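All chains are identified by letter, namely A, B, C and D, in their written order; residue positions are counted from 1 within each chain.
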């Protein structure tokens, strides 16, 4: 079919997802059909969508207008390179997640499988539509559809009150965010009443309104992404959701918010002011530091990952800020560098965070346990999951040669150029921001070691863990796919940048592809080889060869003998699993060093305690500083308002009477 | 000013006076009688207008008012009072002198509001529009200040009287079909209210509407 | 051939009278449904006729059907039909629970049909006086419906409803008199001075001072029935204490009809006054209503009461939309009215079943509906999401249009609107979610719930969010244009 | 990439492998002298390695494959680091494989592996060591990156080779920022190499140790590799410090003569560096673990100051 454009194919993919979803609802209890046919089918569609956008990248923008929508604002769709990059992300990440999900969903857990199948695929389709939407209405429909379907997925286990609460918080903040986005669109139409994106592009906004639109978008999309201070839903919702859903939300959905921010700030607003970048950067830094610190002190493995997602979103916001700053000063080459870092990190995070969340899913299935304090030593029972999780952990810690490092490296490179900025304050502050980014990256390593070490290594903390089983074939396939993506993104940066550069070029007018291509596929040198270069493959191969050669040599020159024995107990007899660090113990240094950042409730044992125990509960300051006061305020206003309805008919009549009198006296045509 | 115009103004003044009297009255039976008197005055006033202007349908209107407001409704109310054995409106929610003061303010407001309109009117009875509005407002005030169900209903009906007065004074009455419809509504309304009184008394052992304050926001 | 319009009015009237006499027969519930269905059928055919042939009169010039009210007629007849379908099993359950006697059921069915009749008459009449009469009659019929249970609470609610709406409507009568007065100065004493078709032709010549006063009285008067703050106090009580089908029609239809009356008058006022006086008043009331109702929501304990406040809130929004005026806002307002009727009645259906299942209207005692009966649970959930303006449900479409229009013409109102919508969302969703989800120990009911109407409503609402059929668009546009 | 370049690269790696234990031995010897002890033989580290390689590996029952895999990975990482840092010439084939940021990444990777391995057996000391190592790591890494940033801004490049070339082979300029960066770098390298103020390589007192606590369970060839890797790390840091702050003597191309000169220069510089290291270690005392953040915080502060000084004083040069 030669006349099917990529945008048509993507539309078909969205429809296919919807069809798959509705197919599930017709056999809601037929688990075999749903998990072994529908979910793999969904994964297949996802791969196709990813491939479609891969072939499209670099191509000319395509548009379509659908028959549905409002009478004078039908759904406009548009596939350009920016959308395509994110469709790529969506397709490839969700393929792995869908395959995993095929093996994950079981009978009798939460909602009926058919219902979940519907919600899951509607979620996918609406995310795709978000990326393709080219008018405010279609965007908002898709956006809220995404929020809604994911909300239902989050509350699958709705019998638990805390999960309901998490879902509520999630949908509420998503809704408030959506209001912000809608307002932002409204500002961008500049009163023209044209709510298609084309109409917004055509408007030249004065700086004040441009800034208003940007800030509203930052708030609105930030609420979805999990930027401070509207992040509170994220650590609640992610653990509540089934793992494939957490993976989808963290890996893909959060990126749609980044997509929206990019779309608004580089495409729709049309102007750019330097301090926007500073705002984004400051918010991003705060988010990143906050996220990573809280991630290190969590005792629930999914919460830990959720906070880690907040951190990554913060880094993305920093990259966005940097891009905006460079863009505002017309330093497009550097802006392109920062934006490449941004897009790359989106892809990388989609890969490794989905991978890690899926791993927690397997662990959860095998052990029924989310609390780090009751896990441990799972590498013995679940080698597949453990080794694949290691890839995610290394990438997530931002270490070479996997995907997380590439984006971090690009980001730091972009930071190094900030002294060229024609603004002395920025010159001073931006490098300090780079220092914070470095701190965040290092702390991420801490969090990841904690995660991996406590879940998979050490002794099993509970006897029941001996019964744990490894992931099934479908789950393994999904994990492998994502691990492979993580590896590919790690060692083939130039190739990947060759693809995503189309988006950068589209938004900024210039890209990195030419410089990158100059040096061959194995080497990443975004500006010039002299300035900075990175050859991940050499990296990987050297380490592997050094390890292997070392091993071979040692065996050849000496021997390979070994035996097993009990671990050395340092003279203590009690070296059971309880002697290991708990999750709380591991993060004790962090709590101590960064004490003011946490709101802690601690109980210390005293000498007189019959049964001494130590406990610590870490809470988010924002609850007490922002959300609870807000709730109290609303409540107070509400209490005031309800006095209107006091029950006395005489008073009611008086209202009516006074209204009439006031109107008669005051209102004049 | 012609005699009929003077007569109409007189009747209007009587209606206003009766409205004040009702506002001050605490005995339920007297209240109903005052209401009947107001209906009668209204019917007479309409009759004068009809006679003066020769509008045929105003005779009908006057007859309707007479039957309904001066006879039928008071009769129903009397029966109700007897059956329900209520004689006193225990005490108004606001003290009577205060109510009267507020009433005077209301009259001033009504006159001022109605002034620009009555200047536009060409009817013989245009000056009474302000009085009509004032009696609507006074009836309203009465409803607000009464704590028993029956006085409240009387207030409601007195309001209708004011509205009828307004209709005749400004426009020589509404089209007949509308007037009939209004009359039907009022009649049915009073019957339903009558049924209500019994139900309320059954449920609450009283017609004091202060019992009816349970539905509220806490 | 019988005039379709006659059928539209005659079926409910005759039905109501027959049911008043024979309402205790076994076939009576079916007759109720059949009469409603017949009304709907007739009105649908009438709509087709009007769409094809343009506006027309009936019974001389007493009734007038144009593209605006025919749409309300269809909507009213449709919701009436689904409500009657819903009320069959619902009322049977109520009876078996001993809450209602056979005589009361007879009263219910008869009054329901008469209520439909009064509303259809109010919508179609050409005479603003008759409009008033029909509105008052609608109050009377519903007063009986609200007090159907004869509990202290329902009596209190009905009493307040009667008195407040009675007083309100008396003010509307004063306004009507003033309007008549203004019109008579132009049209002369021909007796046509209350006929809409005549009035609309001469609206430019009506005296602005009188019209302004008349509009104030009419707005306060009919506004009481619409539920505009601070005239709304009867509304939550009446909704909460009456039987659920009555709550559904009150919210879904009566409020609309009252608003329709205001709209008709607004056209005249706008024509006479030449400033946005009427619009500004409506916008002010709309905003106040929206905000106050939103803050009311979070402290509710009774589920029907909460959704009653939600109705107030939406009426505020619609009033605001019509207040802004202009083609887009009017279009959005009409659309929102339609969608609100459909959604809110669907919600009340679901709520009715839910409350029946759990034996209470107290939200804290309703838990885990989705486990008792997934259909009821999902219908309440989806209905709630729809009414909260979640896409892809249609309410979002109309809210989107209202918001964007407000942003364009009255930017200062947008934060207020959004604040109210946000607060409402937090309140309603926070209460509904634990009702739908979670655990429960409720029992089964003897009669299967009539859940089809809910899904039919929601399906239409969903469709309108994604695709508004062109003929509907045309129709809405035409109506919006008539509103100016 | 020429054959001779490749050969020189291999030579540099072999040199690193050979010199690293020697450096460790030299430092130990100097320290002993300074502390008035009789010094162990200079070649003791080689004997140790040989002995360990000969011994059987004793694995704890709970040890997983990660435990066995980690020593090789750590060793590989350190070897890569040594290959990247220009010790002899700035123009070796591996130079573009990684810049300074990637170098920090390599150290981070090694740290992760060793920490994970420490947690693997599940003893109390292992996890304690692992967490302390990560603590030191997340404090040291940003400081190190800031040092690198300062240098990168001077050289307009993050590539180590370019930095060395800028500093050594172009016009000589006094950079005050370098002083700050140098101090910060010294602090960091002490912490990173488990040296005295932060850790004490000579102790096995459980409550204070970091590095030793992590490798308690290792034995035989695994321990040998880890020890060797530790030596390599010290060597790599020393070379990095020398390359960044005292780059003179490193050849520019792969000319035989230049490289021939570079080797003795390197050995001399390392010898002096070793003495200084021992001296500082002797003059200081091990601090409590929770003083370590202060120590490294100071390093971070210095590094940032260096950066600001660079921006304030030198950017207009």
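The criterion applied here is as follows: a contact is a pair of C-beta atoms (placed from the backbone, for glycine too) under 8 Å apart; a residue touches a chain by one contact, two chains touch by 3 or more.
Since the model is a prediction, treat every value here as computed from it, not as a measurement.
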Given subunit A and subunit C, the chains that contact each of them | B
Could you tell me which two chains share the largest number of C-beta contact pairs?
-> A-D
What is the distance, in whole Å, between the centres of subunit C and subunit D, each centre taken as the mean of its C-alpha atoms?
-> 78
Separation of mean Cα positions, subunit D and subunit B [Å, integer] | 100
When centres are defined as mean Cα positions, the distance from subunit A to subunit B in whole Å is 69
Per the C-alpha centroid definition, the whole-Å distance linking subunit B and subunit C comes out as 31
What are the residues of subunit C that contact at least two other chains?
-> 159-160, 163, 167, 171, 209, 213, 236, 296, 299
Contacts with two or more other chains occur in subunit D at residues none
Multi-partner residues in subunit B (2 or more other chains touched) are 113, 140, 143, 152, 209, 212-215, 217-218
What are all the chain pairs that meet the touch criterion?
-> A-B, A-C, A-D, B-C
In the complex of these two chains, what residues of subunit D are touching subunit A?
-> 53-54, 56-66, 72-73, 75-77, 79-80, 83, 94, 96-99, 101-102, 105-106, 108-109, 111-112, 115-116, 119-128, 130-132, 134-135, 137-142, 145-146, 149, 152-153, 156-159, 162, 206, 216-217, 220-221, 224-225, 289-290, 293, 300, 303-304, 307-308, 311-312, 315
Residues of subunit A touching subunit B in their complex?
-> 642-650, 653-654, 657, 661, 664-665
Contacting residues of subunit C [partner subunit A, same complex] | 159-160, 163-164, 167-168, 171, 208-209, 211-213, 216-217, 219-220, 224, 229-231, 233-234, 236, 273, 275, 277, 281, 292, 295-299, 328, 368, 370, 385, 388, 390-392, 396-397, 400-401, 403-405, 407-408, 414, 418, 421-423, 425-426, 429-430, 433-434, 437-439, 465-468, 470, 473, 477
Per the touch rule above, subunit C residues touching subunit B in the complex are 127, 129-130, 132-133, 136-137, 140, 143-144, 147, 150-153, 155-160, 162-163, 166-167, 170-171, 173-174, 176-178, 180-181, 184-185, 189, 191, 194, 207, 209-210, 213, 236-237, 240-241, 296, 299-301
In their shared complex, subunit C is touched by residues of subunit A numbered 67-71, 136-137, 140-145, 148, 155, 158-159, 161, 164, 167-168, 171-172, 175-176, 179, 182-183, 186-187, 189, 191, 193, 195, 634-635, 637-642, 644-645, 649, 652-653, 655-656, 659-660, 663-664, 667-669
